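Multiple structures are listed underneath, in structure tokens.
Same chain, two partners: chain A is paired with chain B first, then with chain C.
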Partner chain A sequence: MNAKAVIKKYTMVIALVVVFALFAFLTKGRLLYPQNMSNLLLQNAYVLVLACGMLCCILTGGNIDLSVGSTVCLVGALAAKLLQVTDLHAIVVILACLAVGACIGVWQGFWIGHIHIPPFICTLAGMFLWRGLGRVILASKTIAVNNKSFLNIFASYIQIPGLDDAKKWSALIVGIAVAAFLVISVFTGRASKARKGYAVDPLGPALAKNVIIAVLVILYCNKLANYKGIPVMALWVLAVVFIYAFITNKTAFGRYFYAVGGNEKATKLSGINTKKVYFVAYLSMSFLAALSGLLMAARIGSVNGDTGSSFEMDAIGSCFIGGASAYGGSGTVAGICIGAIFLGVINQGMSIIGLDNNWQYIVKGSVLLIAVVFDVVSNHKTGKAG
Partner chain B sequence: MADMILVMKNITKEFPGVKALDNVNLEVERGEIHALVGENGAGKSTLMNVLSGTYPYGTYTGDIIYDGEECRFHTLRDSEEKGIVIIHQELALIPELSIGENMFLGNERKGRFGIDWDRTFHEARTHLDQVGLKDSEHTLIKDIGTGKQQLVEIAKALAKKVRLLILDEPTSSLNEEDSKMLLNLLLEFKKQGMTSIIISHKLNEVAYVADKITVLRDGATIETINNEARNVDEDRIIKGMVGRELSDRFPKRPHNISDEIGLEVKNWTVHHPIYTEKVVDDNVSFYVRKGEIVGFSGLQGAGRTELAMSIFGHAYGTDISGQLFLNGKEVNIKNERQAIEAGLAYVTEDRKGNGLILPQTIAVNNTLARLDKVCSRGIIDRTRENMVAEDYREKLKTKTPSVQQAAGNLSGGNQQKVLLSKWMYADADVLILDEPTRGIDVGAKYEIYCIMNDLVAQGKSVIMISSEMPEILGMCDRIYVMNEGKMVAEMDVADATQEKIMAAILKSEKTENEGE
Partner chain C sequence: MDKEPQLEYDVQKRAKASTAATFRAVVALYFLYLARQIIRGAMDGSSSMSPVLAWIAGLGFIAAALAFGFYTWKRWRAEVEAARLTPAETDDDTETP
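Up next, the complex of A and B:
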């Protein structure tokens, strides 16, 4: 792979590094404070979770789900209300809320997958429906969330007494362990390929890539260690990201999302149930929206009628900035994570600088457009003869 | 000296990494029909795109002299102003607009306020009469067949005051009857003094219609054959195209047809999916033995594709009735997945539309129909997948640098091979190949035929739907003829001729008309 190909493949990573460096400079290093680095993750947790679901929808052919912000509101409201008026245990409430999310998913997936209602319209309807229902539950008030065990499950930090008193050593230890695993996995992966008699890729690039990631992990965990340690929310987010990365990259069903987006008719003639693919995409989206609703309720500590407004746009934006095709059929979880972090860094950086909220919108809009234009133009340029 | 309307001198056009045209020369005499032939990738379309200004002046080297003056076209519009109109293989018509609206799209007849629709439709009618299309100028494009759409394209060119008409594969999606009509129309225009350049793979048509035939190979001009006396035969042209004598266009095979029947269909009736009262296939029965290639001949719209797709897990049609037997046992197949599991494969006629996932790699396409074979517990083993694809690449001699190449980057013939690989990997016992050689060049056709021979040698049953009669006659053991949804004849290849097949079709139309 020559330099040009590397730059093309990692365009967004390079852009992220540039933007990060820019804001680190503009904020005079404040972006790098442990607290801000920790918040970067927490404030974008919902975006990462939603973007994973949104990717599956977009893969099926550039279809988006407009209802996720409203679903976040509805589920957040339900959780807050249940915790307020009943004595149910937090875990029961959580399960009930996730079940409601799944029901919303079944509802939308049914119309989109089986009745062929255009996703845009179906989820636009959902956007109004779930927002309205959420406000009905809230009775147009703000409800605080202060159930201890609920907050512990989503919004606490991992702190081991004795170990994590001054510096949160547990975070650093986890970081080093993950880093070691990343480096070792390069070798075990190669060994396993060699054992099965498959061709082995050259060691250099793969090792270099994982070493860089490992170093970043350690640096980041060190930041966390200097603040409050590993946030539980990070574990939730990582779990979702890993599960979706695995599904889209490794499983047969994940492959079907790409296939449907690439050519639906050909997929159907290959004996694949395309209705089910749509159904599952929207089911999983709403389920993740419900999880996001819980994360938001716990993080903010309250829910009101505007909770989750325009979350769908953040999720969609992350996907497109992260290289998902607006026509479907291509995009990766790793890419959309970069996209989400990219948006997150811009948001956070602008907030620290104290840029006016209205200007933040203008910057975000411009970035989104530039990213997609760049994607479209660079992909056309590589088109072959004729 | 002859009166040359067009001289293209030493045209060289490079794409990154490829020299698509290398010092190509083309001379076209006024009032002749000039054919441009060559295998896929020989540079025919590229040459025409240079001529029409699709590749603007400056992106190629060499001179274009049209009507005695040197031309430097920067856009398509520049060349159209001079009367050069190109009609592409994929028609550029908007389905939801009327014939008249389409004809003047981008060339609107403007009145004082906006478009003068009365004049538009009046002129449309005039040109439609010239091409002999009776349909109303207000009919929507989607409501007329491909043959008629092709005529609309020509009428559209006439509306642009065309003097040099370029047709890129005009008959590739037409049946024999419509093709013939189109070619005769070109001959008619020639009498009126129009010059045409025709790009075609169908060499019999080229021999029929062209006065001169220029052969391109690997981006270079090989020769120009004079056919004014209509004395050039297909083998002569093929020799120029492939650079050697292709002694036999259809590879021979030992005929080891088993007595066992692979697939049998009885009284199969299919209704149209939208206009449910319309019968698309009417009480059709047929069978195919193991080790046998059976051909389905007929005109376009005979219901062959619909028959095949409805058998393949009801992928087409509603209200399907009839019996289906596989290996002698009656089966009830309700969807595509069941069809694949039962050992059926339908290799579509429309590679791009519903065959391949063009942006995905060859490997992904290769395994899509039977992804479970490279999965364990739902998890894909990518290395194994690549090995499978690699294996088929070698077996079928697919020309590609790697199986990680997107299917969309391959030529038609190689795409067809990937599509065949996909269905061979699906372990089908009965393969239905729908127009397997449409739009691919002579060399690739031969290879596809060889693959078909291999399949039957393994005891599989092959059904080939084709509109090209020589191919049906050359490859099949037995031939069914369909017309308007009915099975009208069955003949052994030994007794079959093109005339007999056509006669069967025509006879059935006659009896039908008398019956009404």
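Up next, the complex of A and C:
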């Protein structure tokens, strides 16, 4: 693979590295402080979770869900209210809130999948409906979330007695284990392919890629080890990302999302229940929005009527920048993760610098504008419009 | 009177074009959202940015939204046109009994 092909394939990764280096320079290295590296994940956990769900909606044919921010508000409000006025255990509250998210998904999935209401219209209505209900629950107030059990489930850190008393060695051990797995998987994957008679790619590039990722994982986990250790929220995010990566890559149902987005009629004629595919896409999106609501409530420690504002835009922006649709209609969980981390680094860097809100909007818009220009120029060069 | 031939499209290409167009349209709307936030921040005093600069930036994003929206529409039309099947591709191969 020549240099040009490598650059084309890893454009977003290179852009992420450049942006990271730029903000590390602009913040005089403060971006690399352990606390900021830990916060980078925590502040963008909701984007990663939402972007996974949004990917499934987008894959069904460019459809989006505009109601996710409002669902975050409603579920966050419900959780805060239940924890405040009832004696229910945190786990019961969490299950109830996730059930509410699933009900919202059933409602929207039914109208979209079975009645064929355009997703834009249905989720636009949901955007007003769910936020309105959230504000009714909150009675236009801000409710604090103080329940220790609830906060431990989402906003605490892994703490192993004896191991994590000073430096959080568990974080470093996990990092080293993951790094070792990444390197070993290159060899085991190649051996498995060779045994089955498949053509095997050259060892160098695959090993180099995994070694680089392994080193970054160790460095990041070392940062976490020097702060408070692995945040529990990271485990939630990784669980969602891995589950959705598995579903979209390794399961037949996951491939149905791509099939419906490519050619719905042919997919239906081949015997796949396309209504069910749409239904599941919106059900899972609302469920993940509910989970994001719980993560946000625990992270911020309070919920108000504006919680979740513009979250859908952040998720869609991550998908666009990560290449979910604009560059050929296909998308991967890895791509949107890179898009989400990209926006997250920019947000974090600007916060550390202390940039005014308006300047932050200008920077975000400029980044999106660059992605747009890239999209237009690449189309012009390949002449795809003709 | 002969019937007008039905327009037929490569379904996959047309779906792809519509998918990409929807996405681009949302991005254009996001530019409008950013413009609104910037201008509102300057008007209500919640931002320290000078109102003139905020208006320039806001109008810039509005212009970007309109330009990208127009580009999205043109590109969608071109891609849908490109997805149209030629008469040779739509000819029925079966023999007339």
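Heads up, the rule we're going with is that the second predicted complex is superposed on the first by the 369 of 386 C-alpha atoms of A that agree within 3 Å, B and C clash if a C-alpha of one lies under 4 Å from a C-alpha of the other, contacts with A are read in each partner's own complex, and residues count from 1 in each chain.
By our rule, a residue touches a chain if its C-beta (ideal position, glycine included) is under 8 Å from a C-beta of that chain, and two chains touch if they have at least 3 such contacts.
Worth saying up front: this structure is predicted, and the values here are computed from it rather than measured.
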Which superposed partner A:Phe320 touches (first chain B, second chain C, both, neither): second
Which superposed partner A:Ser310 touches (first chain B, second chain C, both, neither): second
Chain B versus chain C as contact partner of A:Ala266, first or second or both or neither: both
Partner, of chain C and chain B, that touches more residues belonging to chain A: C
Which superposed partner A:Gly105 touches (first chain B, second chain C, both, neither): neither
First, second, both or neither for A:Gly339, with chain B first and chain C second: neither
Chain B versus chain C as contact partner of A:Ile58, first or second or both or neither: second
Which of chain B and chain C A:Leu369 touches, first, second, both or neither: second
Contacts of A:Gly134 with chain B and chain C, given as first, second, both or neither: neither
Residues of chain A contacting chain B in one complex and chain C in the other: 262-263, 265-266, 329, 384-386
Sites on chain A touched by chain B in the complex: 193, 196, 198-199, 250-253, 255, 258-259, 262-263, 265-273, 329-330, 384-386
Touching residues on chain C, where the partner in the complex is chain A: 11-12, 15-16, 18-24, 26-27, 30-31, 33-34, 37-38, 41-42, 46-49, 54, 57, 61, 64, 68, 71, 74-75, 78-79, 82
Footprint of chain C on chain A - complex, ascending: 58, 61-64, 261-266, 310, 313, 316-317, 319-320, 324-326, 328-329, 356-359, 361-362, 364-365, 368-369, 372, 375-376, 379, 384-386
Complex interface listing, chain B residues touching chain A: 15-16, 18, 20, 45-46, 49, 312-313, 315, 335-341, 346, 348, 353-360, 364, 368-369, 371-372, 375, 378-380, 383, 387, 409, 422
